[in-house]
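Chain naming follows the written order as A, B, C, D and E, and within any one chain the residues start at number 1.
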């Protein structure tokens, strides 16, 4: 992959958001978000439903346009007139909340497409890599099925494998374990821990607090479009600052 | 469509439905006085001279027909579904042929002409239609993308194009191209003029079809594709269009089938395609009907072949794209 | 029985073309007018009934089996034996000459020079049959003719006006000449088409009233009326009104 | 279509693209020798007598035109998108009108006839088309459900129907109904015969369109509906069809626009609709072009009205059904 | 609503499955399933991804056809030729794993449709009931939006509200909290506890062990199409019998 872009001023920042705001029509989804992520850092985003978590990470690869503030990925500013959006996106893997698999392609083809079509990896190698990733998420035997023939959890795992096949520099996960059973959750989280240890930069929207504690460098708590609190996991869970966070945590821990 | 897991009782097994059907059939046959037809002849022993059998003969004939009709349906329903389809098709075909037969056609005349109609007429028709639909498809993809783009000039040109070429009668377009191009210095032959007119006209119709197909693919597919860094063209070609195919194929099939027949409009500029020959060959002896029916049957056969091809393609893509 | 019906309803329904000036067309008041129309009106008045026109397509009229939708066709139809299998032709009411025309500036001066040339004709018309040397007209009183022009190529068009438009493009651009009924060609010339008639008429074709097959009474009645119209000069008068020439007698 | 959040640089602002465009335009205008046209007249001071200016005149004219063309595009691109669309439409319209104008039409003739064409012709055309498309839609829904059902008889009848009525030329259907029904004892008038033929024919085409639309609704929608105990008809009417509308509307719009013009086929049985009048009124004075162009413009206006209506309906349903 | 159907032999059984097997083509998804649910009972189904949980509950309202064995709901056997499937289904609420909201109807209309169209509840009353249910799942303010304008969690809550509006006798939940944040999970589970207390019969596919412990009468563990273990929650969690269950539970409890 291309060398990390080491802008002098950015101190190895892979992602930086400064004063980012976004509206859907009248409704402000994101309010003055500031966030920097250094290479290899693992950020966990949590917060109540509708607080703008998905929107935030979708802004990072510009699936959504923000209206105010600046977002930089790898030192490149994401804005309306940028030229190299496709290259930037190749380096940002994304696992969607709704999976968005390609229904007309088999599981294997879903995983091979990216490397083969845009990275120029030869078919045979792309296939090998895809099978390796599918094995990693424990569904190599489903390789020749179409997405519609899979259970919810299986689909989610394909979505993860598809992203990993692109060997991105940053991974964005939008609730990557929502459709999984606890066993599978554990396994997927293990996969993610493995990625984390290999130095991959990750931003993960999740409510798996175990994961946050284990691999998170920073936990960010959002509510109503604002970042309410950010802290390292230990402090976040054991010593939350804001009332809102305390309330949220009390809910999690109580059941 | 969604095949439910519960199968209702077959209507045809319900005595009440059968009786109702019988009544409806009886009334229908009664209103169309069937005593004058061949049925009347068969019933001669019972009703006497059909022409003079009056109300009695009329209702007897209707009753016999109605019973035959319902009985037939009932018997059919006993077979497995594929056989059912086959039998019903065959019966309808025979009925339809009988209808043609009632026109009192001169078959020797048809026989003497059909060879030429196929070698000259059918060939020209197919050739013109196939070339035109291919050009039209290319125009349609470009047009659909332009109509969906946010480039003002492209949108304006594409929408002017669809509006104009859907708006003008095809005949007019054929004229304009055949007689208008010479005005600006280009004398064009009949066949190319016909192909240009057909391509432009159907391209406009198909632009709308492609647009609808492309628009129907959910946003998530675009996002998944673009977020992996696939460029616009790649996304369109490999992700969007293949999923749109099952939606695009049926109306496109419609257009191709319609074009087979619309290509007959180019006969006004003297291209000897199927319809032209049908209208022409019967002229001398006033045997229009014979020729028209022959042409119609040839068109129909063609259509059936196309329908089979269409359903194959559709099935292929639909299996893949099942959600 | 059709005759009885006409008389009892007091209405004669006539099928004719609306696309065939000056025989029949829509005039400035958007009503049917023309030579055929006048003939039809005269027939009706001699039967002392009212008249109504319908304008089905040629192919529908010539398919026969009219199912009583209209009673007679006054549409300049050329009777032949083959056609008589489908319709009856009770009365020839006039003959039209068929001529050749070329572009004004064409070097061609006589029809014989059209031998081997590219000539435009209406598809499947008697004109085209003539060019194909396959014309047989066997109605009584038809003047004899010879095939003295043999074209090199026939350009077959839907109607004479499409042919005329091709001629207008210039001598030899699409075609060298056109064959058509003399009255129609003259009318086109009057309307400003740059054409010139060359040579004497190629042939004369008899044109008849037609009725559905199998009605001897009506056949006799129409034949009687048409004969009377010939005899008392009505047809001559009408022909002069519409064409300036008497076509009713032939030659 | 997916509107990306990144806007590429406008091509028209890139000098290289501009130069390329200029070259292409120049070549195009050069091949169509423009020196003979009105442009040549304007350039007379530079190139002398246009007819004799030869290659120099030809390239000068082409160059001037090419520069005008590219400059025009460039200027247009400066405006906001809505204005762009307006300007381009207007320019194309003018160009097209100029093309018509070049036929040297006699406008007084058009003026004297247009009233009758509209009151008699347009009215008949609209009336026949509107009635027919409504009947066709009803047939299409029934046909689509039958084609998707697992009832063998219904499927066979529906598929025979679509195959037959898409297969036979519309002209043939008009003939068969007009001349065939009397054979079995029913003499039918021209207008009803035309409406029946159009409805049956377009019903067959639209059956295919509706089928594709219904089939495209994902299984989950059926399941959600049926699992609440909604019966088949209710599910179809309230859940499936409304979602299928955005998919069905564009090809249906196509069909209606096509039908406006196909309804001219019923003129063969003597119905005085728009096209019939266009062909007839110009006959006597050899003013075909005038009448055809007038009819074409009327059709075009109608089409534009329909297009606006279509896009309104589509927008309405698409907003609702956005996924 | 209609009185509970008290067949003498069924001992108030609302649902009974006997020897149910199901195949997708060659692949056997359900293997000889036996399960009875009495009125007011709450069953929790868990198990790894792809084990056939969704398929099982989809058989209960005959969204899927089973090939062997018998399924009875309210004493009525579910089979191919049954007459009153629609009435049976009206009494079985279902919350889908993929929500399946009607995209062309607003949230409110989604909730009103069932009662209004098939139960014959007048519009005004249906609306009132819908708003009450939406309030219960905490999204009354989204009533006039279309499903596509909602976040994942919001959509899931609408799906729950829509089912409840039908006031069914039995509720089938297919991972009803997968897209929710912990706070919301707590609230939705509270809603479900409330339903349970009001005596509603429930079958719930979920991995929320807290919920299983709190309200479940019976926990059923599935693997590879078979019911591996069934027990009351306390014994299930504290004293699992089979090895497979132990393995599964160890995964859950470890993170």
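The rule is short, and it goes like this: a residue touches a chain if its C-beta (ideal position, glycine included) is under 8 Å from a C-beta of that chain, and two chains touch if they have at least 3 such contacts.
Since we're looking at a predicted model, the values are computed, not measured.
Engineer: More C-beta pairs touching across which pair, B-E or C-D?
Structural biologist: Here the pair linked by more C-beta pairs in contact is C-D.
Engineer: Find the chain most remote from chain A, comparing centres computed as mean CA coordinates.
Structural biologist: C
Engineer: When the centre of a chain is set as the mean of its C-alpha atoms, what distance in Å lies between chain C and chain D?
Structural biologist: Computed value for the inter-centroid distance: 37 Å.
Engineer: For chain A and chain B, what's the span in angstrom between their mean Cα positions?
Structural biologist: 50
Engineer: Could you grab the centroid distance between chain A and chain D? Build each centroid from C-alpha atoms only and quote it in angstrom.
Structural biologist: Each chain's C-alpha centroid was found; their separation is 47 Å.
Engineer: Please list all residues of chain C that touch 2 or more other chains.
Structural biologist: Within chain C, the residues that touch at least two other chains are 59, 63, 65, 165.
Engineer: Where in chain E do residues touch two or more other chains at once?
Structural biologist: Where chain E meets two or more other chains at a single residue, that happens at 63, 98, 149.
Engineer: On chain B, where are the residues touching two or more other chains?
Structural biologist: In chain B, 103, 179, 220, 223, 226, 289, 292, 323 touch at least two other chains.
Engineer: What's the complete list of touching chain pairs for this entry?
Structural biologist: Chain-chain contacts present: A-B, A-D, A-E, B-C, B-D, B-E, C-D, D-E.
Engineer: Under the stated contact criterion, what part of chain E meets chain A in this complex?
Structural biologist: 24, 46-51, 54, 97-98, 149-154, 157, 175, 178-186, 189, 207-211, 214, 247-248, 251-252, 254-255
Engineer: Quick check on the complex: what are the chain C residues that touch chain D?
Structural biologist: Where chain C meets chain D, its residues are 15, 18-22, 25-28, 30, 54-57, 59-60, 63, 65, 67-69, 161, 164-165, 187-188, 191-193.
Engineer: In the complex of these two chains, what residues of chain A are touching chain D?
Structural biologist: So the residues of chain A touching chain D come out as 62-65, 80-83, 85.
Engineer: Could you please specify the touching residues of chain A with respect to chain B in the complex?
Structural biologist: For this pair, the touching residues of chain A are 61, 63, 86-90, 92, 94, 96, 98, 100-105, 113-114, 117-118, 146, 148, 162, 166.
Engineer: Taking the touch rule as given, give the residues of chain D at its contact with chain A in the complex, in rising order.
Structural biologist: Contacts found on chain D: 5-9.
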